[in-house]
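Both complexes shown next keep subunit A, but they swap its partner, so subunit B is in the first and subunit C is in the second.
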Partner chain A sequence: MFKNNYFIDFFENSPIIMQLVWVFIVMIIFFIMTTIAYLKYLRSFLRKNENLKNKIEKEFETAVINYLYAGNEIDEVSFEQKSIIDQFKSNTSEPFKRDILISTLLKLNYEISGEMAESIHKLYIQTGLLDYSLSKLKSRKWNSIADGIRELTLFHVKEVQDQVKIHINHPKTEVRIAMQLYLINLFHFDGLDFLNNITTPISEWDQIQLLEALQLNSNQRVTSINLWLKSTNNSVVFFALKLAKIYNQYGVRDELIALLDHQNIKIRIDVIHLLSYLNIIDAKIILKNKFNELTLEEQIAFFEMMENLYEIKDKPFILEHILNPNFEIKFSALKILKNLNIEEFNCFKNLTLEPEFVRMVKYIEAN
Partner chain B sequence: MISIIHFLFFLYSFMIIGSYITLGIISVFETVAYTQKNKFVNYNKILSSNISPSISIIAPAYNESLNIIENVRSLLSSHYANYDVIIINDGSKDDSLEKLIDAYNLICVDFLINEQIPTQPLRKGIYKSTNPAFEKLIVVDKENGGKADALNMGLNISANKYVACIDVDCLLIEDALLKLVKPFLETTDKVVIAAGGVIRIANSCVIKEGKLLDVNLPEKMLEKGQILEYLRAFLLGRMAWSRLNGLLVISGAFGLFDKKIAIEVGGYDTNTVGEDMEIIVRMRRFMEEKKLKYKVAYIPDPLCWTEAPDNYKTFISQRNRWTRGTIETLRKHRKIGFNRKYSSMGTLSYPYWFLFERMAPIVEVLGVIYFAYLIFYQQVRWDYTIAFILLAYLFTVLFSIAAIISEELTYHQYKKKGTGFKMIMIAFLEPFVVHPFILYAAIVGNKDYYFNKKKKWGAMTRKGMTKA
Partner chain C sequence: MKKIVLAEDNSMLSMLLKFRLEKEGYLLLIAENGKETIELIEEHNPELILTDIMMPFVSGLEVISHVRNKLKNQTPIIVFSASGQEEIVLKAFKLGATDFMSKPFSPNELVNRVKKILR
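And now, the complex of A and B:
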């Protein structure tokens, strides 16, 4: 009692700043105690959760396998299958168990094919998981929408494409890429139609994902990319250029040449590399004629093209550049000269004693 | 006069605590946003993609003979499709090169280097493996020039778009390159010039064939204290600075850079011991002066595990170097400080680093001296003293616990039973057993910076990570 009074008196007689400090101290002690208790709870929760997850996962896996082998030729859904569906339905009301069921179905879906995979897709619908996925599309939260689209993709639900496509220009990139992957995984090259209408940028990361998804498709017949090369959305142009390279689209030669005058320098450089890859020699002539108007990066890309497409008539142009101040251009020019005419290379190799030039000549001679 | 001094100390403490709370809160939001965003990313599909951009891992090595074979094997075991590993043997006096030649069937090859950044010359030359299994490996043997010079040699040699500069003894997580290159590829409205991730301490962890098998908490208090310190710095500090686009440093242990910009600014500065911070500041300054939109990205994933000093001598030497590095960089780029022309870097990051990183140890020591003066003249108000010291201590403990919770909620790496209790104990003890040495190292670092200019890198004695 005495002690309590002492502390209360001490507190009341302290200046305001000290009172504040003691209030903070008490608050922090309270926070520390709370956070320690929370940490203890969190660690044991995480540990238990992991164990529980493993246990439920095993149970679901066994049930799904039983479901797959419980079918008969008479009923569309056998009695045993129906009881398994009911068991799953009772579990899907809990988000935790629903997520585990989805991941179990997906895991098994990856491991099997043919009729069995079809059965898993059916099970996804029969257990009501499809309805959950569709309800996510209407959510206000972007991560729920992306999650829903992802589930529809993985279970190949083609029928809801109109509901998915409305997210084409969603402000969140994660939703957009989920939608794009849905279209490509389910409709392959036909799914690329979204490129006609997309106004938001497709990041390089997303482009890689889309191209990888496209390459998984057994039908490699590419739809026309001409329109996309003329798109006002630069990322669509970049994507179309990648498509042209991977699928060797020689047919878009004119569109590619037109892109040499595109206002975006990165597009122009990518086009030069692509034209070189496709061996479109007309482009070389066009670029050679306006070489001095090109930026340094374009000039370097052009010389990389020249290494691939040089002809004997290019020799005077090459000779002009064997002393170019840029390392890459000079090196390319010397390499091309050696390939064009070894005697002339030998004549010009002592043109200067500049150390960089000498090193280049030595390297080219040795390789 | 005395009131003014008291007010200044109070104001400084108030500001530093306020900034920690603000950064902590921002970090939490940023980490939640990051985990939500990356929850469904299927890294495996992209890891093996040949369309993914090319990366060079540049790892300088100086007298690393003890672990060099294992370390290189670890770097070669990344799951990323499109990368090479450039080991720069920076004039080692031991048998590092011979060991590498034997282990990886290396032969000297002709190699034309575009010397865009001046470096020390080659010693024995450049080596590549005759074994196709090691085709990604390039070993460069050059004259000693220090870490920055070795990294510059790597920048000259790399033919790839991005360069990952890494300490050779670091253990990279298999998908580290992909996770770190993601910010460069997903950002569409600005250029990402550099990116870093969380560095974790591997002392006492079990490693086998370059892979992390088991995460353990070390026994020594110094090592445990550093684990907590890293958690605080990476999870509660840098995430916030990334959100504010104000990061001034990407850890030298592992960072990814846009090679073109790194070369354009002249590569690493060989005249500083804080080259990792200096290059980021210079790259940012370059982008600001060119008025280009840019970002230094940071991700909370633990990508790289490194060996931390396990004795006070090495620890002090390391922190001494960090202090000198910070002073050198801030001094070299003082034009940026409090300058609105450099946007958030000038008005936010630089002032923060100057006031709360550069000046903090000095203010702390001044505080101790002033306190001693007050004791000597019997002017101490013990009620005030006890209250303020208690408040500062409890705040530090709370902040550390917040970092531990953040770790549990995100990556939950220290799973073993009993580790949680040990971590809490470290949070309470760390201010007594680690912080005084950090303060001491910082003060010696200041002294060395002004009065011992010749001092460069201290030696780090490697014990090697625990092997299975």
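And now, the complex of A and C:
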């Protein structure tokens, strides 16, 4: 009692600043104690959850393996399989167990193919997990929609493509890429028909993912890309240009030449690089004739093309540009001239004593 | 009973293959990482080794190298690889792997290959 009074007196007789400091210290101690208690509770909760998850996962793994080996040739679904399906069905009503079951099925789905993989896909449908994935497509949350589409992709559910395609121009890029990967993984090049209707942009990263998914497929038969090269969606044009390069689409020569007049300069430059890669000489003549109308970036891209497609008849044009004010063009012109005719290169190399030109000549001579 | 060591970190795939291969009359010894694999090989001297390329602690390549170079053992080795690991598969063959299967693979096809090798 005496002690308590001492502290109260001490507190009341302290200056106001000291009182505030004491209040602050008590609050901090209270906050730290509460946080420690909460973290301890959280840790034990997560550990308990993890242990429960591991236990359920083991049970599900065993049940799935039993299901795979319980089939017989007489019935489509054997009695034992039916009881395993019923057991799973009763578990799928709980989101926690449903997620564990999906991850268990996927764990094996990634590793095996053939009849057993088909059995896993069947089990996904028979346990009602398909209905849950489809219900996610109608969710208001974008992450649920993307999640649902990813599940349909991983379990190869082709029959619901119309419900997935609804999200073709979804405002969230994560949903769009999930839909695009669904179509490509399940329908390969035929799945690319979404490019006819997409109005939203496809980012560079998403394009890389789509190309990778296409290349992983054994079917490498490319569908026609002509329409996409004429798309009003610039990202579709960029993607079609990448397809044309990877799959050597010489057949779209006319469409590519038409793109040299596209309003987007980046597309025009990409087209020049692609025409060079495909060795389309006609494009070189067209570009040479309108060289002065091109922007500087296009002129540089054109000279890169010339380095690949030069002919002896291009010599006068090259000579016109060995003193071009732009470094890249001048350098390309000198390189081409050396390859065309070394004697003429030797004659022209002393054309000027400008230090940059001299250094350039020395470098080209040495390489 | 012919012994097979299976080195695979996916417990479900291990269980599936164990059921399938034991049904065919083989004894399967399962390891979850490369270190355990080497211990099992040294202890049991199996007739066949099935190993995933990517494993924790000691990789499938190191397992092959250990069997061929340290144990001087010619036990057939089938390697499991994922798509995109073609270069590692070539390294596995250089080290002495007998065969390889790209994941996802069909368990039935694996059984056929095992039977062919252990005939």
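Going forward, the second predicted complex is superposed on the first by the 307 of 367 C-alpha atoms of A that agree within 3 Å, B and C clash if a C-alpha of one lies under 4 Å from a C-alpha of the other, contacts with A are read in each partner's own complex, and residues count from 1 in each chain.
Methods note: a residue touches a chain if its C-beta (ideal position, glycine included) is under 8 Å from a C-beta of that chain, and two chains touch if they have at least 3 such contacts.
All values derive from a computational prediction rather than experimental measurement.
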| item | value |
| --- | --- |
| More subunit A residues in contact [subunit B versus subunit C] | B |
| Contacts of A:L134 with subunit B and subunit C, given as first, second, both or neither | neither |
| Partner chain in contact with A:L340 - subunit B first, subunit C second, else both or neither | neither |
| Touching partner for A:E356 - first (subunit B), second (subunit C), both, neither | first |
| Which of subunit B and subunit C A:L186 touches, first, second, both or neither | neither |
| First (subunit B), second (subunit C), both or neither touched by A:L323 | neither |
| Contact set on subunit C toward subunit A in their complex | 10-13, 15-16, 19-20, 83, 103-109 |
| Interface residues, subunit A side, partner subunit C - complex | 61-62, 64-65, 68-69, 104, 107-117, 216 |
| For the subunit B and subunit A complex, residues of the former touching the latter | 36-37, 39-40, 45-46, 49, 51-53, 110-112, 114-116, 182, 184-189, 383-384, 387-388, 390-391, 394-395, 397-398, 401-402, 404-405, 408-409, 412, 415, 417, 420, 424 |
| Touching residues on subunit A, where the partner in the complex is subunit B | 10, 14, 18, 21-22, 24-25, 28-29, 31-32, 35-36, 38-40, 42-43, 46-47, 143, 146-147, 150, 173-174, 178, 201, 203-206, 208-209, 211-213, 235, 242, 246, 327-328, 331, 356, 359-360, 363, 366-367 |
